[in-house]
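One chain, subunit A, links the two complexes that follow: it is found with subunit B in the first and with subunit C in the second.
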Partner chain A sequence: MTSRLLWIVAALVIWAALPFFVPRNIADLLVFTGIYTIAGLGIGLLLGHCGIVNLAQATFYGLGAYSSAYCTVMLGLPSIAGFVVGAVISMALAYLIGRPILRLTGYFLALATLALGAIASALFFEWDWLTGGTLGIGGIPKLDLFGFVLDRPSRYYFFVWIVAFTCMAVAHNLVGSRTGLMLRSMRDSSTAAASLSVDLQALRTQVFVVCALFGSLAGSLFAHHASFVSTQSFTVDRSISFLLIPVIGGATSIPGIVAGALFVTFLPELLSKLGDIHQILFGLALVGVVVLLPDGLMGAYGRLQRRLAPRRSGHDH
Partner chain B sequence: MSLSSIAKLAGVAALVGLSAFARPSGALAQTSGEPIKVGAIVSATGAGAGLGIPERNGLLLAEKDINAKGGIKGRPIKIIVEDDASNPDTALSKANDLIFGQKVVALLGPSLTASTVAVGGVTHANKIPQIAFTGIGPAVERERKCLAHVLPPQRLNAQALLEYAKNIKATKIGVLHDAGYGNVVMAELRPLADKYGVKLVAVEKFEIGATDTTTQAAKVKAAQPDAVFIIATSATPFRNVKQVQITQPVVAAIGSSSYEYVNAMGSAADNITIPEFVVGEDPLPHQKAFVDLYKQTYNATPKNYEAAAWDAAHIIAQAIAKAGPDAGGEKLCEALRGPYSGVLANYDFSADDMTGIPLSSFVYSKLVGGKYTRTPFRVTQ
Partner chain C sequence: MTTDPLLALRQVGHSFGGLAVLRSVTFDVPEGGIVGLIGPNGSGKTTLFNIVSGYIRPLAGTIDYRGASIAGSSIQQRGLAGLVRTFQTPQVFEQMTVLENIMVGCTKLTRTNMLQDLLRTPAARAQMQEIRRRAEAACERFRLGALADLPAASLTAGQRRILEIARAVVGEPRLLLLDEPSSGLNAQEIENLRDWIVRLNEEGITVLLVSHDMGLMTVAHTVHTLYFGEIIASGDMAAIQRDARVREVYLGV
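The block that comes next holds the complex of A and B.
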């Protein structure tokens, strides 16, 4: 227990010191890692605990980003308004769309979410009076906390990660609660869960709404960081990137989501130093992780720990 | 002497030999001292690669040319080119790396509007001069007086198309445009049409990357226009216009002018007029030196985006020479504002749109059998 506490303290010290020691571009990537962690958490909840593949997270991410952009730039409202409007619209949409489509299962449900993502992407494009279309909306102000402007990645880093940790705590509580048990029973045997009077559809819809909320929060954070939003950031490709986060990191593990987010933000950046071949190499790395580590990076870590544990206990005796 | 020492010596000798061959012929000015670092972001992969790759070629050629002519007041220029994979988020990370990590004095690019606006947020806040390979975008860019553009604003592209329609006395126009670049030009074209006495009899939109636009082309044909405008970054509408046998004159916006698209048009790359800037087969006198050097280096004919990047590198080199390499961002921005006669066009970066390209800089080329010929038509202002 003491060693676990020590680990946590050490991790927190490293987390707090990191932005002061790394160059600005790395701090910037760490901000993106935090943002992607929040968006990936929602996908992880759906994938790991409900067995639902969601390919529409970029929709909610976009709704959050456009709400923040529109409220601050066009309407001149305070930043918090954008966060709230984005969250409310995203949750309402997730509820309205989730109720009918979450009756589907497996590939059909994945395709339905893909369709939702494609429709939203087309609407972001077409409704240029609202979204600015290809040209987007620029000049989104940096977040201001009681006069302290978060105008540098090293400052914004703390804000984003505090939001990310809060979302992780929410996800952790949800998974550990009675609802989490119901979710897993539904994932492993929906018939058995239904026979125990678990309302499958209501439960799935609730998690879908939480996923949308996380997506919207991440989108609003992104808008204030980049100061600019355009349709290019909210395509189906982005939804696939978000889906990769739990797939790579490990869908049932919350630290796995952070590992997955680090993978999708840092690896392309590192590989880009190798020239135009970097996208092919990233694809190969993805295939490598999925084939060699089917339960993700955290799954592999868990297996490694289990393999080492008997040896350790052997030494103890 | 050990075997490894011999190998090292042989390596050095080979490098010296190679570098001697790599130098272009003719007398070269010497550069010395610490290189002046300029960052560049292009879309070398992803959807914008058709723009980013030619731009990278133009930049690297300009770097070689500037250094061969003595660099910037004797110091060599080093252009660090990064790929944003056509993604504005990546462009932002790359800009942070170049400005704060690699300490570049100025930034060239990116290739796409979204990335340009995203990166502009960083360069504007930190007063780093930026020369984008895009036309001016959303309203916020007008406040960014350190951000110059080497391609025309979309309003000018729309005007260039309408000027040609006026020239051939076409009053009924059908338009085929994509939902991205085409949409933006179209938004500028609509209010201008009345001014030019032109009626838009059919306006058909298609998705970016659409593989078939036959339905839209058929609708345009049915409206019986005098001429058809195609505003897109794609070869598909050109092929479909031929398939539905539209015989009226076709006028295309600059977005489809690169050879990548022309080659994909196949036999449809015929009898199309394009208002653009650089006709590699028949360059204007002030473009000839650049076109010859490009052909000699890459064994290919340059078009507009290669020239835009070449211009951007020379413009920043001139500004650095004027203000001094250690002058700081604000002074460099000041040095940037003013007229510049480039290969692509005559710019004036003190203009409101930070471009200042006049309509008279456009040349009108005709694609015949996949090759460009320059037509005598020009707009006089």
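The block that comes next holds the complex of A and C.
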């Protein structure tokens, strides 16, 4: 327990020092890692605890981003308004669409979310009076927290990660709660869960709504960071990236989401230095992780620990 | 005091694709009783069980539970009203531990909403402690204590069966529906199961038992014999075994 505490303290010190020591482009990627962690957390809750593949997270990410862009640039409202509007619209949409489509299971449900993502992506393009279409909306101001402007990169880094840690704490609470028990029970056997009065439909919808909230928050944070949003950022490709986060990191592990987010933000950037071949290499790395580490990076880490543990005690005797 | 039976089936009928599997089935399950349902494969036992527990809606007839129709109730609503079933193939939550499996059985006794769980409010924490306390007690009681932290996937068939019953009982059912509970068990395990059924019944849980295991069926106070969707004989096990039609169906004599 004390060694675990030490790890946490060490990680916090590194986390706090990082933006002051790394080059600008790395600091920028770390902000994206935080944003992707938030979006990936929602997908991880659905995938790891409900067994649901959600391929529509870019929709909620887009709703958050466009809400922030529209509220601040077009309407001149304070930053917080964009966050709230995006969250409310995303959660309402997730509820209205979740009720009917969450009756489906497995591949059919995954395809339904894919369809939702594709429709939303097309609407973002078509409704250019609202979204600016391919030209997008530019000039989004720096995030202003009731007068405190996050105008320096380090400030934004800290803010994004505080939001990310808060979301992780909330997700952790959910996993360890009564609701978390019921979610895992229906993932393992929905038939038996129903016999124990677990209301599958309501729970799945609620987690879908939480996932959409995380997606929207991440989108609003992205808009203020990039200062420009356009349709290219909210395509189905983006949803696939978000799905990769828990797949790579380990769907049932919350720290695993950070590992997955680091993977999808840093690896393509590092590989891009190698020229045109980088997309193929990223694909290969992805296949490597999925084939060699079926339970993700955190699952592999857990197995490594278990393998080392008996050996260590063996030396003691 | 009411003299109504706990569960009353009247002229229940069902068919799959024009093939009648249940025809006008009528019987009562009195409060505090153990009622058995036997019949050869394909006689409609499982269909009847699925109808009572809410997994299938019957095409004909009525089902009253505690004096009121439950035709419109969902599986979950029936569970909350105290009607809980087990499955022919034990349906344990394989990736969860034995203790967690039992904890799921306790979740219906408490009420927190997801917002409280997300924020881990004091009420949510207190309820989770209560769930854990009850589950631990049940774990000890059903002699699953040593297995508490193992994933349910690692249990034997007999242990799974006991876990499934523990998980159902911890939610304080009034009517426990056991679907072929002895299938896949050895003689020793069946004896153990039999003891549990008797003990739980003595504690006030009414039991409806489906089985084709004549030995286990001797725990039932009343046994109904289903044959091609119809009840052909009713009575205690001794009477059933003497019944000419039952002997003809089962033994061909």
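Please note the rule applied: the second predicted complex is superposed on the first by the 310 of 317 C-alpha atoms of A that agree within 3 Å, B and C clash if a C-alpha of one lies under 4 Å from a C-alpha of the other, contacts with A are read in each partner's own complex, and residues count from 1 in each chain.
Here, a contact is a pair of C-beta atoms (placed from the backbone, for glycine too) under 8 Å apart; a residue touches a chain by one contact, two chains touch by 3 or more.
All values reported here derive from a predicted model rather than from experimental measurement.
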| item | value |
| --- | --- |
| First, second, both or neither for A:V170, with subunit B first and subunit C second | second |
| Partner chain(s) touched by A:V210 [first = subunit B, second = subunit C, both, neither] | second |
| Subunit B versus subunit C as contact partner of A:T179, first or second or both or neither | second |
| Which of subunit B and subunit C A:D199 touches, first, second, both or neither | second |
| Which superposed partner A:L75 touches (first subunit B, second subunit C, both, neither) | neither |
| Partner chain in contact with A:D188 - subunit B first, subunit C second, else both or neither | second |
| Which superposed partner A:I8 touches (first subunit B, second subunit C, both, neither) | neither |
| Partner chain(s) touched by A:I119 [first = subunit B, second = subunit C, both, neither] | neither |
| Subunit C to subunit A touching residues, read off their complex | 53, 55, 75-77, 79-80, 84-87, 91-96, 100-101, 103-105, 107-108, 110, 112, 114, 117-120, 124, 127-128, 131, 164, 167-168, 171 |
| Subunit A partner contacts - residues on subunit B that touch it in the complex | 44-46, 82-83, 85-90, 92-94, 96-97, 99-101, 112-114, 117-118, 120-121, 125, 137-141, 143, 179-181, 183-184, 187, 207 |
| Residue numbers on subunit A that touch subunit B, as the complex places them | 23-25, 28-29, 32, 122, 125-126, 128, 132-139, 151, 153, 222, 226-228, 230-233, 268-269, 272, 276, 278-279 |
| In the complex with subunit C, residue positions of subunit A that touch it | 170, 173-174, 176-182, 184-185, 187-189, 191-199, 203, 206-207, 210 |
